[in-house]
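By written order: A, B, C and D. Residues from 1 in each chain.
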Amino acid sequence: MTEELTKMVAEARPYAERGKVADYIPALQKSNASDLSVSIFNVNGHDYHAGDYLKKFTLQSISKVIALALVLMDSGPEKVFAKVGMEPTGDSFNSIAKLETMKPSKPLNPMINAGALTVTEMIKGNSSTEKWTRLIEFTAKLTNDETVTYNASVAQSEFDTAFLNRSLCYFLKQHGIITGDVEELMDLYTKQCAIEMNCSELARIGAVFAMDGCDPLTGKQTIPKDIARICKTYMVTCGMYNASGEFAMKVGIPAKSGVSGGIMGAVPNRCGIGIFGPALDHKGNSIAGLKLLEMMSNRYGFSIF
Amino acid sequence: MTEELTKMVAEARPYAERGKVADYIPALQKSNASDLSVSIFNVNGHDYHAGDYLKKFTLQSISKVIALALVLMDSGPEKVFAKVGMEPTGDSFNSIAKLETMKPSKPLNPMINAGALTVTEMIKGNSSTEKWTRLIEFTAKLTNDETVTYNASVAQSEFDTAFLNRSLCYFLKQHGIITGDVEELMDLYTKQCAIEMNCSELARIGAVFAMDGCDPLTGKQTIPKDIARICKTYMVTCGMYNASGEFAMKVGIPAKSGVSGGIMGAVPNRCGIGIFGPALDHKGNSIAGLKLLEMMSNRYGFSIF
Amino acid sequence: MTEELTKMVAEARPYAERGKVADYIPALQKSNASDLSVSIFNVNGHDYHAGDYLKKFTLQSISKVIALALVLMDSGPEKVFAKVGMEPTGDSFNSIAKLETMKPSKPLNPMINAGALTVTEMIKGNSSTEKWTRLIEFTAKLTNDETVTYNASVAQSEFDTAFLNRSLCYFLKQHGIITGDVEELMDLYTKQCAIEMNCSELARIGAVFAMDGCDPLTGKQTIPKDIARICKTYMVTCGMYNASGEFAMKVGIPAKSGVSGGIMGAVPNRCGIGIFGPALDHKGNSIAGLKLLEMMSNRYGFSIF
Amino acid sequence: MTEELTKMVAEARPYAERGKVADYIPALQKSNASDLSVSIFNVNGHDYHAGDYLKKFTLQSISKVIALALVLMDSGPEKVFAKVGMEPTGDSFNSIAKLETMKPSKPLNPMINAGALTVTEMIKGNSSTEKWTRLIEFTAKLTNDETVTYNASVAQSEFDTAFLNRSLCYFLKQHGIITGDVEELMDLYTKQCAIEMNCSELARIGAVFAMDGCDPLTGKQTIPKDIARICKTYMVTCGMYNASGEFAMKVGIPAKSGVSGGIMGAVPNRCGIGIFGPALDHKGNSIAGLKLLEMMSNRYGFSIF
């Protein structure tokens, strides 16, 4: 399988030339556009890799799924759904217009920025520090790597330039969806986005979701089944920004992408997938990563449809 | 299983009181709000029913899936996707605003009215009559009932009042998405929406999609596998109007609803489902039908997530 | 004054090179982009001209003011304001999105297409023909030219291609703002837009508005004072599409433009102005005509501000 | 004239019962809904009053005109128009959606919040304090009252709750329209909105605009003529929020309102008007104040149309 993966990576890599690395977060601009790596973590514990799969990258929007799982465990679906919706949207992930035209002004889902900011604020904790500690410890549990942490310079870079996210936060605060201090939330959220790992670790998290929340190695239920399934459903309907429909059609794997070029996939009862390819298409998804996933889905019959 | 279905129908029926029958099409206002019936058509050929499952109703938006399958077979996915997108939308099914703000002005998907009108116009045929004949014959093949036809008075009622659909058509014509005569298209589209059948027949169509396009009785591939899967994917991401996300979460069955109160479900490799319950919630879905599907999904493990 | 006008026309004419003639109505594409002519009709009866001021052109949106005056006389302001608003808009003249997001779906003002179509339908008459007859006779009275009529080939060209206006009509019909047959209205509206005259005649109409509805030659009150003032107010706040604010700033004359390149101005108590210069800027106003008006306003102190 | 004003105030006051005081700024909720007072400051130096015209109130949006005049004097129209547009809008004064759909994301005019925030940031000064000093000294010059200052508790109340304005600021900062620190700008802007005076002083400022920037008592040109006229034009097209069109129709006076219930009017070459009536209609204008202005306009022929 490793050989096959290596071939597919070689075949997908040239697609990176049609994309470009994220430029709206200064620290991400340094990425190497032609990078492409992948890990598969089978639910039986075997893993396979291709490319420079130990290279670290920040999770960015992929972290939205982790925070969502934690908050659903913290407060239960009912309280979460009172603040964020369950519907996919045809708008861009950072759109604010819809919040104004909708009554009430509730983010459509937790995969767009407005919804993710709302979710992150809901992480339980008496302080921003406590919230952060709980989030990174939960991430450590999912990756089975206690040393997992965030990239401070990326976090700082995002913190310094996240004017649109602040705009969303204050809009949501006006409407009572966000209630706390915005700068504290921005600090927490930019750290969350800057959580750093490699493909192999990401694939391992994917495998937990693939197993409906059960850790494939320990057999422990890290995330309750219902909550893992809620997360997977969001990954299908909203995981790839406003290209989620096309992705469902062509690939059919519950997945979540980030503007760092990472993609986490969860093939039900089979495997988790971690991909890193920083050249993005115009919707913010890893362009070579998408191609690679399409090849893998066709080759291994990964689609849930 | 019939007994269980009967119990669940009895339990779901009271939810109808919280909804109301569609009022925007005069002919649909005559429906009996407390009706609720269901058929399951197993891929092994057995079927089960509860409620007045032989009562006929018009397909309305459910017909969008049938027309889509036909047009994908007629012209191939590439030509269809050139005119309609693959993305779900947070907007209402009859919204026009998004068409204006998006560049190009292409309907986001074929399950919203703008997209469905575009698809219906693409049905091959030298005349509106020929297009209609091909569509109804295809529907007959899917239901295995050559007598299937449309309800002329419902079609007329919709034709007389479908100002919003005409508005969408002319907007799309302005942008070159629709190219033919609007009144002819309206005639064809309102007939399509008025195709009439009962739950049992609808469940049978659902079973074809559940079998990836293969007829469960004859074993013939009525719809090519790839096309059946495209249709099912749309049913998951956009099948229940702008409640599709919530439905995926709570029920998890590829399904399509219509404002007549019908719902067609397709449980992969297991069964097709036909439901009729005309009392609608505010998003246009059968309110008791949704409840019934949720019960069935929980009871039988129908969710794909 | 004729000499001055001639100089200013020569100075303004080169600005036409930065614009282009309307291309969305096929018949208008034949216009000569470098044309520029002007007439001033003083309230004392004297008139002045420059350029080919006897060349005929169609009124297009300028006709909205004439129809509005007639309908206000027919039904009174209250009935008209029940169907169209009094507010300027930052949107394009043919926008439909705002109609969807506003509750109720009432056109913001009668100078955008949605509002103008609503107004034209309100012209009194038992038939489309009678409505047309009343409109053209009213126009004849304003120009003091009984032979004034419409350009049939331009009307036909617009009728054949006005898909966006039909889209607006059906949207408004859905919401009960327009109640009659859309094709009949389109026939009437495209004739109205195709009413043809030259700069001299247009200046004469402008003079009637400048005199608060009183004919400068006969002294008769062709339009009641209150209604003339309503029309002039709309000309100030919405007369130049979504460049009305800038025009008020730089020119300050109640005026109405059309995509044919015509502009009618009404300088209170002083004069009417007729301009024709078919090269348009991207907002649909005569580019050299705007420049010419700015020069005239500066030279003669025409601004009301 | 005082007697007439007193009568009109008595007649207009009951309209206050149909409105209500602003509730979105806590400190404004304490206003007495039935208050109504007016001052007229004639350009010949005479003034007339009715009601409790010495009662102080905060300027709120009325201050947008003062800041605009100062910034136009500071940087010239060209630089200002590069950052804010000249067009009225049909949207609410605190709308953000339009900023997203428009390219570039430039506020439509300086009378909506997005535009006003942009203008206030442009006040020249090396620090927020210096900017404030320049603004309040300019205001003092206009009122001829060196003691004019702001209401600290109203400013604080707005500062604490202005989440929507912060949302607008950060959105504008994302797009490079606002470039400095948002909290400093909010401090300056909320002070500006909280500048406090009475009807008599407000009428005096109105008189300066009525005189094209010339102080009616000293004869000095406090504001250059061109700039005063730009301000007056904005007052006509955008001064009364998204009721400006109706106001132009019914009253026809260049005017600016604030949610405190104040209105400043400037009748060209005749007089300035100051009104205070805190009960607002649903668009944010003083409901009895509007009625009073309509009466005054009809009685004294104040309309510019």
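Everything below uses one rule, namely that a residue touches a chain if its C-beta (ideal position, glycine included) is under 8 Å from a C-beta of that chain, and two chains touch if they have at least 3 such contacts.
Chain-to-protein mapping (UniProt): A, B, C, D = Glutaminase.
Bear in mind the structure is a predicted one, so any value in this text is a computation, not a measurement.
Chains that touch both subunit C (Glutaminase) and subunit D (Glutaminase) are absent from this assembly. The greatest centre-to-centre gap from subunit A (Glutaminase), using C-alpha centroids, is found for C. With centres taken as mean Cα positions, subunit C (Glutaminase) sits 54 Å from subunit A (Glutaminase). If you average the Cα atoms of subunit A (Glutaminase) and of subunit B (Glutaminase), the two centres end up 32 Å apart. Taking each chain's centre as the average of its CA atoms, subunit B (Glutaminase) and subunit C (Glutaminase) sit 47 Å apart.
The set of subunit A (Glutaminase) residues touching two or more other chains comprises 101. By the touch criterion given at the top, residues 95-97, 100-101, 163-164, 166-171, 173-174, 182 of subunit B (Glutaminase) touch subunit C (Glutaminase) in their complex.
Taken in their complex, subunit A (Glutaminase) has these residues touching subunit B (Glutaminase): 85-91, 98, 102, 108-109, 229-230, 232-234, 236-238, 242-246, 248-249, 252, 254, 268, 303-305.
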